[in-house]
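Pasting the structures in now, so scroll down.
Look for chain A in each of the two complexes below; its partner is chain B in the first and chain C in the second.
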Partner chain A sequence: MARSSSKDAQDLFRALWSAYAATPTNLKIIDLYVLFAVFTALIQVVYMALVGSFPFNSFLSGVLSCVGTAVLAVCLRIQVNKENKEFKDLAPERAFADFVLCNLVLHLVIMNFLG
Partner chain B sequence: MSKLILLFLALIPLLCSSFSPETPSDRRVLVLLDDFALKSSHSLFFNSLKSRGFDLHFHLADDPKIALQRYGQYLFDALILFSPTIERFGGSVDAAAILDFVDSGHDLVVAADSNASDLIREIATECGVDFDEDPAALVVDHSGYAVSATEGDHTLIASDDFIKSDVILGSKKIEATLFYDFSHYMRQAPVLFQGIGHSLNPTNSLVLKVLSASPSAFSANPKSKVTTPPSLTGSSISLVSVIQARNNARILISGSLSMFSNRFFRSGVQKAGSPIKHEKSGNEQFLNELSKWVFHERGHLKAVNVQHHKVGEANEPAIYRINDNLEYSVEVYEWSGSAWEPYVADDVQVQFYMMSPYVLKTLSTDGKGRYFTSFKVPDVYGVFQFKVEYEKLGYTSLSLAKQIPVRPFRHNEYERFIPAAYPYYGAAFSMMAGFFVFTAVHLYSK
Partner chain C sequence: MATHVAAATTFLLLLLLPFSTSVSHSHRSAAVHLFAPASASLEDAYEALRVFEILGIEEKTHSSTATCEKVLENLGSSSPLKDLFYALKVNKILKCNVNGEGFEDIASRLKANVHDASILLDIYYSIGGLVLMKDQDSNVDVLLADVDGVFQSIKALSQSDGRWRYSSDNPESSTYAAGLALEALAGVISLASSEIDQSKVNIVKNDIVKLFDGIEKYDDETFYFDEKFVGGNEQRGFLSTTSSVVRGVTAFAAVTSGKINLPEDKILGLAKFFLGVGIPGDAKDFFNQVESLAFLESNRISIPLILSLPETVYSLTKKGQLKVKVNTVLGSAVPPLTVKVVRAFSTGAKDSAIIDSKELQYDQESGFHFLDAFPKNVDVETYVFVFEIVLHDCGSENVYATGGQIHVPIFVTGIIEVGNAEISVLNSNIGSAETQKKLDLAGNDVVSLSANHLQKLKLSFQLTTPHGHVFKPHQAFIKLRHETKVEHVFVVGNTGKKFEIILDFLGLVEKLFYLSGRYDIELTVGDATMENSFLQLLGHVELDLPEAPEKAAHPPPPPVDPYSRYGPKAEITHIFRAPEKRPDQKLSLAFLGLILLPFIGFLVGLLRLGVNLKNFPGSTVPATFAILFHVGIGAVLLLYVLFWLKLDLFTTLKTVGLLGAFLMFVGHRILSHIALTSAKLKSA
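On to the complex of A and B.
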């Protein structure tokens, strides 16, 4: 039973991976970027658990810059995805411009809160 | 004529040397007597006061001309009431006037006796001392009496239950050198007492028992049989008490006028049951030392020259910052009767106080009167006080308070970069760098 379930899981992941391979390259790049942000956030949380929460504002701004980046990247991914019919009226250039503007605001706030 | 004026000018400083913060000893003392015969029968006590520089003014207690103050100024620094039987003082003096006299910081000595009047009892009660209500009662002690030629009724008591305080009774012990059984004994000579006992009002925390009766004493009429239990018994009976009021006025209350007399000063004493016969009773030394205390020749402290500054600086700042290190110093002197001498003790404490003491430190002393310490301002900002509240048995109380505000760090007094936060800085900047890289890749990947 156990062997069959692990085999099932392997089949599942293989199916998932082959389905994901069909994703356009620009979306894969965004996914990589999101992964990078989430991974950086996790490192900081582990570091805070080890060292303590002393410069708490620095910790918050570090983690929130990662989370904010990830959220904005996910928003961009939703808007530039061709298969998403909800935003088919929105030009990908417009979505990218929004993304850049939001990132500028985010990093401005983060820099203020970091020190 | 010019010589006279010169003499008068020379005398002015002497005439003006009354009670002042600079010379706290009393100078002018009013003595109210029942009878001028007391002047000679108690002359040893009065002469001791005169030889210490006191200016004694003797009056009969019912003299209509006596007055404690004139034009709102007190004429005397201290009052001795050797008039136990007086029912009404002459002139403008009454119990309220005497209590006002004490309330304004002047000293008082009251000696009662058997048949003490209601007036004297009222004054004593106001001071926290209750004499035995029974007018015929005397303190009787069938085991601690003084042996005399006639058997007597054991009302002449030899007591040596003194308060343990060098400042009140003087550092020289009341003692007599004796040669007994080929060995050299130093033993305190008991004090002779014949009079009425009193109890201390338990609600009055300022009154102290200086000489108490022995556990076998009781207060009753010695001429009649004791049928009911006496109201005052044992060592709760106080024979001599002192009070130091909150304004540092000092009061001495004794249940015996005869203990001040020449006869008791000069009399030998042998306590019943004790083989030692003292040549001389302890009365003279006991009462002289006690009068030195009452008239502020001893145990009067002053604190001057309060200084505080940051460590490494000399000037007193107007404000401190939290976590500053500061140094505090104060000078404390004791009046010796003629000069201010350094006060040496190891229990003077300073508080850094805001609603409650945040810092309480014992001050170290250099033995020359200067007390100092250093401490760190707590991590709390607000308006603080440096407080020295020094209350020690027998000494006048010191109460100093100096206000000082404490501010938090200014925004530019914090650390600019904290080493522990470098990973967070790195994460934030790597997110910015990542944003640039991603933008480039995203734009040119098509």
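On to the complex of A and C.
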């Protein structure tokens, strides 16, 4: 049973990977960006766990900037995805402009809170 | 160790002050210091000159030239009334070389003023000026034509209680104004060309009597006048109000014949009031006091005679003589008289008199009346002597105010003998003495006793006066002082002849704070009439008291040295919050490196995905906009870094606003361009 389950896992993984390969490049770029943001957040959390949360505001702003930007990227991905029927009429450039603007506002707040 | 009790000594010193004296040498020296040589105004110059004149002080001539100049300035016919008045007053004393012609103009001006004026002060100054000119230059015509009219205009301002108003519009009446009015009326009478109607004079005399009905009195029979209303331009004190009335009344009595019905005790009371002020510290008060006394000295109503004693404390050991002096208020001689002691009695025994009706002998040289010897039975006590002045000439009884019977307290002091002094420690139940010691309070030996809490300490002694009577002092205390300086004071009571105190330690254990150890015993006996008051260390007692229970009161802490508050204070150590532990620098740098890893991973991934810049617009305008767009975003991010490093929120927001506007414009252009091109591609 274990062997089959591990083999099933491997098969599942390969199927997912090949399915993913079919996604357009711009969406892949956005996914990569999200992964980058999440990893950065994780590393910050690990660091905080190690040394303690002394300047708590700094920790929060760091983590929140990563999480925020990841969320915004996800929103962008949803809006840019051509298979998404809801946002058919929205130009991707417009979505990108929103993404840039929201990021800038987010980072202003983050920089203020960084201390 | 015998010391005089401080309270008794100061009391004795106070008793040594003489009883109500007349003007003395110290007055003269005070006057010289008080009045400035160069006075600011004519009024002050006049006051200084008048005081020197009355007290007989030689004033310096150089100041009189400056004052004479001021007088001549102010004797013009256009000077204000008040200055003219005081210039004439100063001239009367200094007798400056004044041109007689100017006087005629002044006289006519003043006469016109008298008839026109409705304010009391104007009338007063004008009349006063005319009277002064009459004395200084006999050629000037100062007599008033319409005497009755002027008299009436002054009288119209009088009130029913004897006081006067300042003017017809001012409803408030003033005692000071009454003095001014009376002086003015006296001036009018002396300036009358014909004899004035006697009925009018009698009305004014009645006013004076009514004014004196409103006189105020202190308990020691001094009389004074007070202003009943508060307000007006100047606050008048008792001294200036009373002296104004004295001036007015004596001036009026001087120009009228017949008596004014004023009781002589009020005149005497006024004299005592002025003398009771002592030596005033203010120049105006000094002038008022001295001038009023000068008027009282030779007034036509009754001249007060002041009886004074240089000393009221007599010592039995020194055997002094009782001396009495009778003077006028300014210290001059009096008519022939005898001083009689009507009665003398002790304050403790008012019924039995030690002296009954004895005349004092008079010493021509010193001017004192003295009692040659105190009666034999005078003891250490306070007595009251009742004096009476008897004038030799019976006719002069109406002229002088002698004051009837005068009560004077006399203190007789002496050495008090302390005898039969004993101190003992008694056993409580049986009452038998364990230790009994005789004390010799004259000597310096100290006794040593010991007791425990079950015993009692007893102290007894007798106090006798030089005549053998029992003496009760003001203070008889015994003080127990512990080694730790904690003190306890007990009053020694007396029963009949003996002074005795029994300290029962069983009851006193809690009061003594359960402190065992050595106690010093001090005895204090003191009285004002006791010449040998003492505070003496009798000895020591070793007290053995039980242990203090838990809830017993603690002895009071030793008194803090009062100078220690100026010494350095205790050091304050500030407790800061311990700073948070920061991680090791190497660890932080390691994590900084770790953080960069995902970024590098992102870049690598991008490359692997085959990111390219093929879609970058080719033509110049969109290309510029594209570049500007990226530059704009980079600028905003750089601004954020600067914001974190050193800028504040306001400048950042301002700049972000500006950059954002720019960015939006540029971004809109390039993105719309890209959208257009991709739409064209889709449709194509």
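Following the convention adopted for this analysis, the second predicted complex is superposed on the first by the 115 of 115 C-alpha atoms of A that agree within 3 Å, B and C clash if a C-alpha of one lies under 4 Å from a C-alpha of the other, contacts with A are read in each partner's own complex, and residues count from 1 in each chain.
We adopt the following convention: contacts are C-beta pairs under 8 Å (C-beta built on N, C-alpha and C of every residue); 3 or more make two chains touch, one makes a residue touch a chain.
On a predicted model such as this, the values are computed, not experimentally measured, just so you know.
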item: Fit-or-clash call for chain B and chain C when the two complexes are aligned on chain A; value: clash
item: Which superposed partner A:T25 touches (first chain B, second chain C, both, neither); value: both
item: Chain C collision site on chain B, chosen from 114-122, 168-176 or 348-356, when both complexes are overlaid on chain A; value: 168-176
item: Chain B and chain C footprints on chain A, overlapping residues; value: 25, 29, 33, 36-37, 40, 43-44, 47, 51-52, 54, 96, 100, 107, 111, 114
item: For the chain C and chain A complex, residues of the former touching the latter; value: 580-583, 587-588, 591, 594-595, 597-599, 601-602, 605-606, 609-611, 633, 636-637, 640-641, 643-644, 649, 652, 656, 660, 664, 667-668, 671-672, 674-675, 678
item: Sites on chain A touched by chain C in the complex; value: 25, 28-29, 32-33, 35-37, 39-40, 43-44, 47, 50-52, 54, 91-94, 96-97, 100-101, 104, 107-108, 111-112, 114
item: Chain B-touching residues of chain A, taken from the complex the two chains share; value: 25-26, 29-30, 33, 36-37, 40-41, 43-44, 47, 51-52, 54-55, 58-59, 61-63, 65-66, 69, 73, 96, 100, 103, 107, 110-111, 114-115
item: Residues of chain B that touch chain A when the two form their complex; value: 416, 418, 420-421, 423-425, 427-428, 430-432, 434-435, 438-439, 441-443, 445-446
